[in-house]
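Per-chain residue numbering starts at 1, and chain names A, B, C, D, E and F are given in the order in which the chains are listed.
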Amino acid sequence: MHETREWLLGGLVLIPILCGGIMAARVPKGIRNLLIVLGGMTTIACSILLALGGTQRIALHPSLGIAGAVLEPLVGALVCWIGLRIRSRLICAMAAMPLLLTLASLLTGNWAHTAETVVVIDSLSLVMVLIISIVGGLITFFAIGYMDQHEQHSTPTAMDGGSFLGVLVAFLGLMNGLVLTDDLRWLTIFWEATTLCSFLLIGYEGSLESNNSARRALLINTFGGTCLAVASFVAERDGHGTLSSLLTSSALLPLALMAVASMSKAAQLPFQSWLLGAMVAPTPVSALLHSSTMVKAGSYLVLRLAPALDATVLGGIISLAGAFTFAAASAMSISQSNGKRVLAYSTIANLGLIAACAGIHSPLAFAAALTILIFHAVSKALLFLCVGTIEQTIGSRHIEDMGGILFKMPLTTTVAIIGMASMMVPPFGMLIGKWMAIEASVDNPLILLLLILGSALTIFFWSKWLGRITTASYHHKYTIEKVSIWMSSILLIMGLAVLTASLGALPIQRYVIKPVSLSFFGQYGTRTSLSLLDSVDAFLGWPLLVVLGAILISVLVGSALFRKSHIRLPYLCGENVDTPEYSFIFRSIADTPSMALLNSYYLSRVFGEQRIEMICNPIAILIVISLFGVIFQ
Amino acid sequence: MIHLAGSIFSKLLSKPDTRRYPMERRPVAPGTRGHIDIEIEKCIFCGACQKRCPSNALEVSRDSKAWILNRYACIVCGYCVEICPKKCIRMNDTHHTPGA
Amino acid sequence: MLDNVTETTAEALPARVWQTRQEGYRFVTMTCTDLGDSHDILYHFDRNYSLRHFRLRLPRGECLASISSIFFAAILVENEIKDLFGIEFSGLAIDYKGRFILSDGAPLAPLNKSHAGIGMEIRNLTQAASKKEARS
Amino acid sequence: MITPNPTFQIALLILLAPFFGALIAGLDRKITARMQGRIGPPVLQPFYDVMKLLRKEPIVVNRIQVVYAFLHLAFMALSLILLVLGQDSLMFLFVFAFSTLALVLGGMCVRSPYSRIGSQREIMLMVAYEPVLIVLMIGMYLVNGSFLLASPIAAARPMLFTLPLIFIAVLVVLAIKLQKSPFDLATSHHAHQEIIKGLTIEYAGPYLAILEIAHFYEIALLFYLIMLFWASSLLIGALLACAAFFLMIIADNVFARLTSIWTFRFMWTGALILSLTNILWLYL
Amino acid sequence: MPAMSTFKKSPWVVHFNCNSCNGCDIEFLACLTPVYDLERFGILHVGNPKHADVLLVTGSVNHRNARVLRNVYDQMPAPKVVVACGVCAATGGIFADGYNVLGGIDKVVPVDVFVPGCPARPEAMIDGIIRAAEILESRNTAAITSVSCRKPLHRCTPVPDSPKPV
Amino acid sequence: MIRRNTIPFGPQHPVLPEPIQLRLVMEDEKIVEALPSIGYVHRGLEKIAEKKDYVQDVYLAERICGICSFMHSQNYCQGIESLMNVAVPDRARFLRVVWAEIHRIHSHLLILGLLADAFGFENLFMRLWQIRELVLDIMEKTTGGRVILGVCTIGGVKRDITPETSDYILRQLDEIERQLSAVLPSLTHDYSVKQRLVGIGVLPKDKAYELGAVGPVARASGVAMDLRESGYAAYGELNFAMVTESAGDCYARTLVRVRELATSADLTRQALAKMPSGPITTPVKGSPTGEVLARIEQPRGELNFYIKGNGSRNLERFRVRTPTFANLPPLLHMLTGCQLADVPVIAICIDPCISCTER
C-alpha cells in the first residue's frame, strides 16, 4: 500500500501544480478546460482514496528535506524580487528574512537537519484535504463558465484566462501540500507559495484598485510567512524539525509566532484588510480564497496547534483574539451593502470563531471548530458562487439591488437561500457549530460574551439579505436567467451538498468529528468538557429532523395555498397608483407619482466600518502584542 | 418617574367610566339638537325654511303641499326652527337612527 | 375695517416686502380677490398685533414675483392662489404646478368670479338618490 | 413533566397551548381596558378575532409571504415543544429565534415600506434581546450543570434565587416579545402610529390569523419560560408567571413608547450587564 | 365550521376621513375612548385596510381623495361593509354645492349604512357600526370570490426591480 | 453607502385623524426631506360662502372645522359685526368668552390625548379623552351640541347661561381639574414621555418668527404672541397671563398647552363671575359692506378671516387663513433631521388641523 500512497500524494499536490503550469503557457481553450477538469478530477479522486485509507505516517525520500532547505530561501528571494518590483521595502525586508535565517542556520550548522521528510496523514489533514480538493475542485469547474462570461465583458489583462485559471488550479496543489506536510520547512514553502498565488490572483484585473489590494495581501501575508519562517528556524534550532515534534515540546515562542502567522492568513483582526481587498478579484478567486483554501490554511494551523496549547495562557489569548474578531467582524458587516464584503466579513467572523474554539482547548471546542470549518467551507463557497452569478446577471453586487431576483434567477437564488439559511438557520451545520461553540465556551466568560454578542449581530445582516432576495413584487414577469451549464450544475451540486451535509450533521458529528477531536484530545480533556461532548452526542437527532420537516411542510403548504387572485397592492396609505409596471408607486406632491423605496438599515452611524475599525484594530493589535508578552514572562 | 401607576389601580378597581349605550340610554341634555320634526298641520308651505336652510335639506312645495326633509343632508342647525313663521318645526333631542 | 393699507405695484413689491421684514414684521398671509379684469392681491403683515397691508392690482394673465425667498412662509399661500385663481408666480421655492390643493379633474381657477363653482348637477343626483331613502 | 408519554404530550401541547395563549391575551386586553376606565372586550375576544380572520378573504402581496407565515407558526409551535419537553436550551433558542426571523422575513419580502420598517425594527429588537436569552441559558447551565431545559425542574432550588438579576432582564425581554410599551416598536395592536401595523401589515384574513395563533403559542411559551424560574412547584411557577404578565400590563399602561435605538442601547448595556453580573457571581 | 357569529363579534374598523370638517372624526374617536368604548363590542380600530372589516368614512368625496377612498376599499379583504358617517358622507351636507365636492361617498364605494347627523353623535355611530356588523355577518363567506378588483391586471410588463425614483 | 428611502406618510394613516400626505425621504430612519401634499379635504368652502347669504355663512363657518367650530363662528360674527358696526351686548361678549375658553380646554385635551397616542401611551390618551368628555358635557348642556355648538350668531349669541348652568359649569370645571391633576403629571414629568418630547422638533425663536409660526407653537419658542391680549370680545376686561416657554421643542409645546388649560379654566371662571346682565343679542339689519381682516386667538393660534362685503346678502370674498396653515412651514423645518419615530409626535405637536387649512 505504501507505494499507492505516495502516488496519491503526487496526485494531490503535483498534478494540479503541473496542470496549472501547463495552462500558464497559454494553451488553447479546449485543452485548457480539459486540463482543469483533469486536475480537478484527479485531486478529488485522490483525496477520496486517501481518506479511505485512513490515517498514516509516510516517510518520503530524504532528498526532499534537502530540497526544502534549498527551496525555502529561493521562494523568499522570489517574494523579495516582487517586493522590489512593486517598490515595497517592507515586503523586501520581510521576505529577506528566510534568506538571512538560512544563512544563520548554515552558520549554526543545523542546515538540512532531517534525515527524512515525513508526511503525516492524520484525521485533521484528511478533513482538510477533502475540503480543499472537493470544494476547491468544484470551484475551478465553476470558474470555467464564469471566466468565459467574464472575459467577454472585461478588458483583457496581462493575465488572461489561461494563466489565471492555471494559478487557480495550482493553488489546490499547494494547499494540499501545506496541510499534508509535517516538515516545518516545507510548511513555510507552501505557505509562501500560496501567498504568491493569491497575490497573482488578486492582481488579475490589473486595475489600480486590484494592484493595491494585491500588494496589501502580499504585505500582510509575507509578514505571516516571515513569522512562520522565524518560528521554524527557532524550532529547528531547538531540534524540532517537524510539526509533530514541535507540538510535543513546550517551546512557546514558535507557537506564538505560528499563531500570529495563522492570524494573518486567516485575516483575523487586525489583519483583516487584505481579505476585504481581495474582493476585487473575480468571484471564483474569492470563493477559493475564502472558503476552502488560503484562509483555511490559517485555521488549519491554529487547529494543529490546539493540542499543544494545553491550558496555557497562550491558548487563552488566541481564543480571545478569535472571539474578538468574531464579534468585531460581525458588527462591521452590519453596515455593508456590498454583498461580497458582507460575505468577507462573515468569513472573517467565522474564522475567528474557529480560532476561538481552537484556543479553548477542549474536545468539544475542537469539535465545534472542525464543524464550523467544514460547513463554512461548503456554505461560503456556495454563497460566493451565487453572488458571482447574480452579479453577472444583474450587474450589481449590492444587496439592495437584489430584490426580486427569486423570479429572475430562480435556480441561483434558491441555492443562495439554501446557502444563507445554512449560515444561520437550524438545523443547518453552521448553527450546530455555533451551538457547540457556545456550549464549549461556558467556562470562559469573556469569550462567551463575545460569542454571544457576535452571534446576535450576525442575525442582523443575514436576515437583511435573505429578506431582500426573497422580496417579490406583485406579479413580476421576468425574463429568466441564463447561466452556463458549468455554473448551474456546480451551484446545484453544492446546494445539494449543503442540504445533505446538514441533514447528516449529527452523524457527521458522531462518526467523523468526535473521533477526530478525541484522537487529539482524548488524553487531555477535562471531565466537564468530555461530558459536554457526550451530551452533544446524546442529543437526540429528532428535533433537527422535525425542524427540517417543519420547513418543508411550511414551504409546501404555504405555496399550495397561494392563489394569484389573492394578490392586492401593498399598503401605501391609500395613494397607490395601479400602474401595470410597479406596485409600489404612490401619488405624491402635485399628483405626480413617486416611488416608495425602503432599503434595509445599515446603521452606518453606529456600525460604520471605519468607526468600528478605529476602536477594534488597536485592541486587536494589543491582543497580538500580548501574545508575545506571555512568552517573555 | 411613573405618575400614572397609582391611578391605574384605582381605575382598575373602580367602576368603568363607560356609558353602556345600547343597553342603557342616558338622558340627553334639554335643548340638544338631535333631529327636526314638522307639525305638518300647522305648516302653511311658505317656503321660508327651504330658502334659508344652509344645507338645502328642505324641499317645500306649495302646490302639492309637500314638506320634505332630506335627513341625510340636514345639518341640524335649527335655523329653520328659528325662522319658521308658524313655529311648526320642532327640534327633537334624539338622534336619527342610521339607515341603510 | 382695513386700515394701514399701502397701494403698491408688482415691481416695487419685493423691495417693500424686504423692508417690512427688516422692520421686524411677520408674514401673516395673502388674500386674492377676483375683480373681473384684474386680481386684487393683499399682503398682510403683523408686528405686535398691529397689521400692515400692501395692496396690488394684478391685471389678468400677468405673472407675479414670489416672495417665498423673503418669507418662506408665503410658499403655501402662493401655491394656493396659483391653484384657485390661476395666477402664475415666478421663483416659487417649491412649485406644486397648480396641483397643490386641487387635483386632477378638479375645475381650474375656481375662485374666479367667472367660474360658477357649484356642482349643482352632482348635488341633484345625490339628493334624488337619498330622497328616495328618506321617504321610505 | 407530568405525563410520561412524549407523543401524547406533544399533541396536547399543540392543541391546548393556543387556547391558553388566547385566554391570556384576552385577559390582557380586558385588564388593560379596565385600567383605562373602560369596560373592554369580552375575555374570549381573541378567539372571536381569530375565528373571524379565518373566514375572511386571504389577500396577500406575494407567495413567499405565505410561506414565511407558516414557517413562523411551525417554528413557534416547535420551540414550545422543545421547551416543554426539556430539550437542549440553546437549540430551543435557535428554533425560537428562527421563528421570529421568519416573521421578519415575511415582513421584508413585500414591497411595502411600512412592513419593511417594522421588520428592520424587529431585527434590531432581536439583536437587542437575543444575548440576554443566551445568557439566561448559560446561567441555567451554570446553576444546573446541564444545558437541558428539563434540568431546572429536577433542581431543588428555584432558579429565581440563583438568577434574580437575569430574571429581571428576562422580564424586559418579555415586554419586548409581548410588544408592550415602552418596547412596542415593531408591531402592536394599539400602537399603529408610526408604521401602522408594522411587519404584519401585508397579511390579511387567514394569514393574519396564523400570525395571531403563532403569537398565542408565543405567549404560552413565554409563560412557561417564566415558570421555569420556579420550576420546583407548578403552582408557584404559574403564580410567578401570572405576576410577571400582570407587571407587563402595568408597564404597558404607564410608559410611552421609546425608540428602537434607545431599546438597543438599553438592552446591550442595562439588561445585558445586569444578567452578566448575575453570571459573574455564579463563577465566583 | 359552525356558522358562529364571528363577524358580529369582532368587526374591525378602519376609519378614513375624506372631506370631513373633523366634527365627525373626533366623534368617532370619542367612540373609542372610555366613555363610549367601542372595544366592548369587540370592535377594534385598525389603521390598515387589509385588516379591516368595516370601512367608516366621514366627509364627502373630492377629486383628490376619491382615489384614496377607492384604494382603501379595494385593499380590504371580503367580506366588507362601508359605513358613511355624517351627512357629508351621505350627500355632501352643507358642502354639497362645492366645486370640489363630488357628493357622498356612495359615488365611489358601495355604502351599506348611512349615519345621519352633523356631526353624527357617538350613539348614532355605535348604532351604525353594530348595524354594519350585522350586515357583515349576513354576507356569507362564499361571496368572497366576488371581490371587486376593478380592472384586470393584464397589462403587466417586466420592469427593472429597483428603478430610480421617478 | 446609505441609500435614501422614500415613503408616503398619509393620507390614510392612523396617526393622522385627517388626511394629509407627507412624503418622507429618509436615510435609515432619519428624515432628510419632508414635503406635504394637501388637498384631501379641500371642499371649496370660500366659494360656497360667496354663494350663500351671509347669515347662512355662520353655519358654514362653524363647519370649517369641527374641533374649534365655535371660534370660527365667533370670528366670522365679529368680522361681520365690525363691517356692519353692530355693537354686541356685553353679556354676549362674556358668553362668547365662556364658550371660547371651554372650547379651548376641549381642544387642548384632545390634542394632548392624540399626542399621548402618537408616542404610544394608550392609557394617557384614554384618560385625557375621558376627561374631555366632561368638557363636552358642559357644551352639550349649555348649547345643545357636543362638538358644533351653533350658538354664535351675528349680533350676539343664541343661548343664555342661567345661574344654575353657571354653577354646573363651575362644578364641572372643578371636577375636570381634579381628574387632570392625577393625569397631567404623567404627561409633564414621566421619564418615558420626556424621552420622547424633550429636544425633539426644536424650533428656535428666530425661526419660529421667520416662518410665521402662531399659537402654542410660537409661544413654546418664546414668541410672545396671543391675540387675546388685544382684548377682543370680553378679554379686555379679564385678567390673564400669556403662557410662554422658551425651549421650542415638543415638550415646550406640550407644557404651553398644559398651562393654558389652567388659564382657560381661570378665564371661564372670571367670565362667569363678572358676567353682566342684559340682552344676549341685538337685531341686525342690512348687509355688510367693506372689507376687514378679523382675527382671533384660536386654540391653535391666530385665525384670520378676510371678509369683503358688497352691500348684498352675498359676500364678495371670504377668505380663511387658519393657524395650521401658518404652522406648516415650521413643521417642515422641524421634521428635517428628525427620526421617523418622532414624525407623528412632531406632527401632532403643532396640533394640525387640515380640515380648516384646506377649507
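The rule is simple: contacts are C-beta pairs under 8 Å (C-beta built on N, C-alpha and C of every residue); 3 or more make two chains touch, one makes a residue touch a chain.
Small disclaimer: the values here were computed from a predicted structure and weren't measured.
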item	value
For subunit A and subunit F, chains touching each	C, D, E
Smallest number of contact steps required from subunit C to reach subunit D	2
Most distant chain from subunit B by Cα centroid	A
Most widely separated chain from subunit C, with each centre as the mean of CA atoms	A
Inter-chain centre distance, subunit C versus subunit E - centres from mean C-alpha coordinates, in Å	34
Between subunit F and subunit E, distance of the C-alpha-averaged centres to the nearest whole Å	28
Distance between chain centroids, defined by C-alpha means - subunit C, subunit F (Å)	23
Centroid distance [mean C-alpha coordinates] between subunit D and subunit A, Å	36
Residues of subunit E engaged with two or more neighbouring chains	16, 33-35, 37, 40, 46-50, 62, 64, 68, 71-72, 75, 90-94, 96-101, 104, 114, 118, 121, 165
Subunit A residues counted as touching two or more neighbouring chains	400, 403, 473, 567-569, 571-575, 587, 589-592, 594-598, 601
For subunit B, residues contacting two or more additional chains	2, 4, 8, 16-18, 20, 54-56, 70-73, 75, 77, 99
Subunit B partner contacts - residues on subunit E that touch it in the complex	34-37, 40, 83, 87, 90-94, 96-97, 104, 112-118, 120-124, 126-128, 130-131, 135
Subunit D-facing residues of subunit A, complex	403, 406, 424-426, 431, 435, 438-439, 442, 445, 448-449, 452-453, 455-457, 459-460, 463-464, 466-468, 470-474, 535, 539-540, 543, 546-547, 550-551, 553-555, 557-559, 561-563, 566-572, 583-584, 596-598, 600-601, 606
Residues of subunit D touching subunit F in the complex	32, 35-38, 113-114, 117, 181-182, 184-185, 190-194, 196, 252-262
Complex contacts: residues of subunit E adjacent to subunit F	14, 16-27, 29-30, 33-35, 45-49, 59-60, 62, 64-65, 68, 71-72, 93-95, 97-101, 118-119, 121, 165
Footprint of subunit A on subunit E - complex, ascending	16, 48-50, 64, 67-69, 71-72, 74-75, 145, 149, 151, 153-159, 161-166
